[in-house]
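Supplied in structure tokens, the structure appears directly below.
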């Protein structure tokens, strides 16, 4: 069943990325999230949905957090940090936003598959979340087939997006312990109007 | 030209509603917006867009404001106020949200065409913004024609929505003076990332 | 009462802009909206809310319409048109989007206060909606006072945004007549889930 | 490292849920998505973000899809289907929307942790996505500790939300094969304006 194979491919990527995470970077990221005056999150398309999902949990933790592009999001300052999510690290409007943030002295955390990308290069902290391997995006199908490589079952940015979401949700678990916040505390901050 | 007639109809409604505004209610509304810990705004469909447009300006004024339903909107408390915009005053999910707000002790400001509606009845403060007159929604076209009444050029909630937006933007002008905030102050709070 | 003065200022701008509208441009805009395969609308901040309010009504008219940036908005084609709303006509991401649209052969309708702006120059059709006069944004208050000019009661883009909304809603009235669509038809297309 | 333990807990839930999926239900769901005139997706909070992420991929597949609550979403008809995502199956506004859909003859697909919930009972097709086990939500910590059960590292709906996202993205892989759509086809439909 293709569905189950696709799930396995996703899980494999999640476990492989998690294995390779650098504890020092996680520690620095956790510290930035806890000590910034405001945290801003940003991403485009499905990466933007992942950014929003993380922002909700940060709000539940009592951290002051805003989603870039939402109605009441204020201006950035040098006491804030900006978490930018971009698989390629080259998304035009993300780079453009990061440039503005940089000029205002806002710390930038990049979550990307390409550490050497424009976004990666300009960030204060880069978390590397591998998505698909290069072979998948090769246009030369014959080369791919000759190498015995099969096409990924996860089209476009799927692997990057899901792996990033799981990484960020796992970081929430870490933050709960570090900040000594219980689930009951979080529920009390949860929006009551649905 | 129908377009110009439609604009005139809108302007006529705006001027007529503005004429009838109760200064004491405006004063109370202004006070609630300035003294609440957080202001929450809410509306559905185009009324929701009007609510968002007002929320942006409140943020520019330095007021802590959230749009119900956006990502990082927190829970309501008794120190907050909820501005609910509903032409009919009977929008199901607005009533349901107002009920929750009421139980939590949040002050409710209703902006509606029907002061006696469910929303109007449960609000702490009701601002009456007239939309279309009843004749327009009468299904009996013959009755209408016999009375020499023509159909409105503003379908559905258009008159209510635009009149509410202009009322709220005019209240921003009033708040700027009362709070001694200049346009330069507002621009400094304006989102820098576009 | 400042609130009433602010409303008058808004109404004055609306009437003055409406007076100056070029019927031929309205006709061409109406035709583009009716004959395009899909209409895309776009704006940032409060101009984006105005774009959304217009898109809802176009959907009610049975026109296939998408808001740039929403979840299920597809790619642009040469059979489509893009309505871009920008007071200054220089909003970076709007220009960038218009460039992409232009390359794909999508017709561009610009609604702006500056016909000679970058957006105005690249559009197939420009509708001129005047916002504040230049004097209001002059930083030299003394010059302004000496000229007996008072500061506008409508901060930032307020005049442009409201005037644009009323123009677009009045165009809906015109389209209803041209397309022979009744309010009952529109209500049947209205979202039933709130 | 707590972060890695949290990731493992998520992966374990994903694999366990995937193992238990009923192939006949997947087949029926796949058929409904392909044969409905329009697909509507709906969810609240983070479940709403998961719904949006799925909707983007359905659009890439060329399926006509709308997110309930977005600007240009039309009315439901008996030729459409509604995919409703709710962990508890008791989310008030989801139930309320499903009721409207049911009256209009729209087919309902429920994705929930509780097959016997109100949503589960009224759906035409229920996909069971287990979230946390009951023990985690037990308020009696002592009972929990005495049973040697530890608190979940995934607060609130996290396990349900991520597992649902991975299930839906894996279903996309299945749909790609069934519909004979390549990644290149999907990219051609991808929004070009960012």
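Going by the order they are written in, the chains are A, B, C and D; count residues from 1 in each one.
In this section, a contact is a pair of C-beta atoms (placed from the backbone, for glycine too) under 8 Å apart; a residue touches a chain by one contact, two chains touch by 3 or more.
If you're wondering where the values come from, they're calculated on a predicted model, not measured in any experiment.
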If a chain touches chain A and chain C alike, it appears here: B, D
Copies chain D and chain C - interface residue numbers shared by over half, same or different: same
Where chain C and chain D are represented by their mean Cα positions, the distance between them in whole Å: 37
Separation of chain B from chain C, taking each centre as the mean of its C-alpha atoms, in whole Å: 21
Chain C residues counted as touching two or more neighbouring chains: 52, 56, 69, 92-93, 96, 190-191
Residues of chain B that touch chain A when the two form their complex: 42, 52, 55-56, 58-59, 65-76, 96-97, 100-101, 104, 188-193
Chain A to chain D touching residues, read off their complex: 1-7, 10-11, 14-15, 18, 21, 23, 26, 44-46, 49-50, 52-53, 56-57, 60, 91-93, 151, 153-156, 158, 161-162, 165-167, 169-174, 176-177, 183, 186-187, 190-191, 194
Chain D - residues contacting chain B, complex: 69, 92-93, 96
